[in-house]
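First up is the structure itself, then whatever we jot down about it.
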Amino acid sequence: MKRFNNVSLSIALLLLVTGPAYFSDFAIYLFTYGLIMAIAGLAFNVMLGYTGLMSFGHGMFIGAGAYTVALMMKYTGIHSFEVLMPMGIVISGALAAFVGLFCTRQIEIYFAMLTLAFGEILYALCSKFYALTGGTDGIQVKGMSLFGYVLKGGAEFYFFVLGLFVVCTLAMWMICKSPFGTAIQAARDNPTRLGYLGLVVMKYRLIAFIISGAFTGLAGVLLVSLTGHASPELFQVLTSISIVLMVILGGHTSFLGPVVGAIVFVFLQSWLQPLFFWQFFLGVAIILLVMFLPGGVLGGIMTWVRKAVAKLS
Amino acid sequence: MFELIINIILNSIFYAGILFIISAGLQIIYGVLGIINFAHAGAYMLGLYMTFSIMNRIITAHPMLLWTAPIIAAVVVGLFGLIFERVILRFMYHRDPIFQILVTFGMVYIVDDVVRYTWGGYPVGAPPMISSVLEIGGTVYPVYNLLIIGVAFVVSFSLWLLFQKTDIGRLIRATSHDEEMTEALGINVTWVKAGTFLFGSAIAGLAGGLMLSVTGGWPGVGLEYLIMAFVVIVVAGLGSVNGALITALIIGAVNSIGIQFFPRIELAIMFILMAVILTVRPSGLFGTPHH
Amino acid sequence: MGEKSRSQVILETARLTKHFGEVRAVDGVDMQISQGEVLSIVGPNGAGKTTLLKVLSGGHSIDTGTMSFIGRDVSHLGLIQRARMGIVYSFQIPALFENLNALDSISLTLFTREHKTIVFFPTTKRFPGIRQEAQKILKMFNVPETTVTSELPHGQRKLLDVAIAFALKPRLLLLDEPTSGVSTEEKGQVMDTIMPIIRQRNTTAVIVEHDMEIVTRYSHRIIVMDQGKVLVQGSPQEVMNNEKVKEVLLGHAPSVRNEMATPSPGR
């Protein structure tokens, strides 16, 4: 079983690293998009898979990261990643701390609805303060540089994102395997017992939420750099629900499920969205997944492989 | 000044009325099925668009029967709700509440695109059935809006009657309270659940149908009102219909005052209010503490 | 049963009362526990045993009366603070981390004890002592390390629940019916696993139990409760020879291994 994991992981990584050699430009773009959303998905799953809380407002962190970049570029002219990325992370993290103070003290369904509400507030604020944020038109963004080197689009940016993706994945893997990671899982499984051990459950949920928000904010920074445009829709519930779908598509019960889900989702979206009925497919996908494949694609594959391995031995 | 106050008061009650009609359905569904029904947004939208179509059909032949349009639409929406409950939702009853919500959320997007497909992605509207205005204390106010306030009042009174005085109401309350017990007493809980969902969806559809002539409809309209209804039910406490009435009035007032004096951030004010109330009373103003 | 050490009183309650509406579940309980003592609480269903234990743990608030622990008045402290002071509760219906395995559950408990839960990197290399201690504890309690908790049989779930509480090195261990739901044959096994560990570490423990044979075998002192009040307290011999006690615990003479049909769910 472990061998299967290692082999498939290695193959996947190899594919990703050598990709630009044979991918079309559009495929490179999609994979870049997919890896960015994979970061967001992993971050989201810190809350869902590990802490047991589903946020319906994670779009607000994408938006926060995106607008940090857009507003900083617009008002200070800074366009270097080495400044924009930490800023995006810090601001998203701060937003998560603020929102989390209200939301993490609640039970799961209230948490979901409050995060939804906060996302909508930010959407409303962003749309209405036209002078500051460009309102529903959004803000154009381009020409970011890394330590003075201007990244040309396509393959260069792809490798930049790939590198960041690997770093973020390793970071979140470490966090999930750490004592803190065990603590949030315990908070998910039996918050009452955690109290009887002397721990304040809300504290752990809040910290997890901040970590989740910060990484999602980084994804927002990268996303706006890829698409070149920051708009208020990022804060909206559709963005948030898309993240939810990605993660349950890939599987929220495994660490890498969200990565698979994000990449598959991005490809599906590019294929289906030009068709008129993207939301219909979204809705149907959500219902079918939740009802019939709750472990997602990766969960399904793992179960199938486990069964096959058991049969063979 | 006085006219302004009257206007704000009327708008508050009006907004509260619509919010209450929508929220009441949510609360009843939550009480009996234990599910927070996002698909309510779809019911609202379907009710609105169907009312539009029905009105278009009958306006030339039977202009005096226009008032039946929202009611017919409500019934049809109720039936669609019933289908959703029987075909999809009931398989989710034993699942994690978060995933139940997700399924109802999926339905919102399905309905949204169905509406887009059927009616095109354009906003729709209709002139109110009664276009006259009433002069009150120096200001003029549309009679149609007062009519809606009247409907909200009728709905709330009927609900009170239903729950306190009728057998069906007692069945619904019993099932909300203790489903197993009620079932053990020989009541067909499945029907109660299905019927409740039908009823809840129907009144959401009614709200949509009534609002066609006020704010009109557009793709995504359902979610907007639904989110406000969520603020109401969450602040009121899940399951409490009485609480929803009072909270709807509070929210209506805050909204109207907000729009008047702090126009761009009235939404933010309401949400902050909700966040603060929930921090102080996590189960809502009238809710029962979480287990 | 060995000599009870003449050590200091670490827990003392005075007129402890807890009511639920009209019902006085715990009615004016005065009790004391000394360091290293094993105290059992027995009584018929509804006597208030579990409620008393929960009040001691902080899970229920005190209505009137006081409770002092190691010289401090803890009456108004909540369950989190009491746990931090060393009053650790183990559940009648095991409260476990279903998706973690026993090793992770105990390791987490140890990290909690050592105040190392807000650590964001994996620690098997940095704090090897914790993993070793976790393994040792699980060996003592005879619970497999790597089986996911949700797949453990009931007996091992009970043991794991106690192990988690025990891993905190509690100053006062509160065991709520450690053998409830366990088959009669297994009860002995469970207690034979738990009690020697408690004795060896000289842990102070309060145990709510129904099985009188277990109670008399392992306790230094017994409190008999009835209708929220303390009827009698004393050594097993004193209690078992008491007439009032015999009445109340009808059919529970220690010579006959007997027990109530169903354990009290407690209030």
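In this document, chain identifiers A, B and C correspond to the written order of the chains, with residue numbering beginning at 1 in each.
One rule holds in what follows: contacts are C-beta pairs under 8 Å (C-beta built on N, C-alpha and C of every residue); 3 or more make two chains touch, one makes a residue touch a chain.
Bear in mind the structure is a predicted one, so any value in this text is a computation, not a measurement.
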From subunit A, which chain is the farthest off, judged by mean CA positions?
C
Find me the chain with the mean Cα position closest to the mean of all the protein Cα atoms on display.
A
Note: subunit C sits from subunit A at a C-alpha centroid distance in Å of 44
For the pair subunit B and subunit C, the C-alpha centroid-to-centroid distance in angstrom is 50
Please compute the C-alpha centroid of subunit A, do the same for subunit B, then give the distance between them in whole Å.
33
What does subunit A use to touch subunit B in their complex?
54, 56, 102, 105-110, 112-114, 116-118, 120-121, 124-125, 128-129, 237, 241, 244, 248, 276-280, 282-287, 290-291, 294
Footprint of subunit A on subunit C - complex, ascending
57, 59, 79-81, 83-84, 88-89, 91, 95-100, 104-105, 107-109, 111-112, 116-123, 164, 168
Partner subunit A, residues of subunit B touching it in the complex
36, 88, 91-92, 95, 97-99, 101-103, 105-114, 116-117, 223, 227, 230-231, 234, 264-265, 267-268, 271-272, 274-275, 278-279, 282, 290
So in the complex, the part of subunit A that touches subunit C is made up of which residues?
174-175, 177-180, 182-183, 185-186, 188-190, 192-193, 195-200, 204, 207
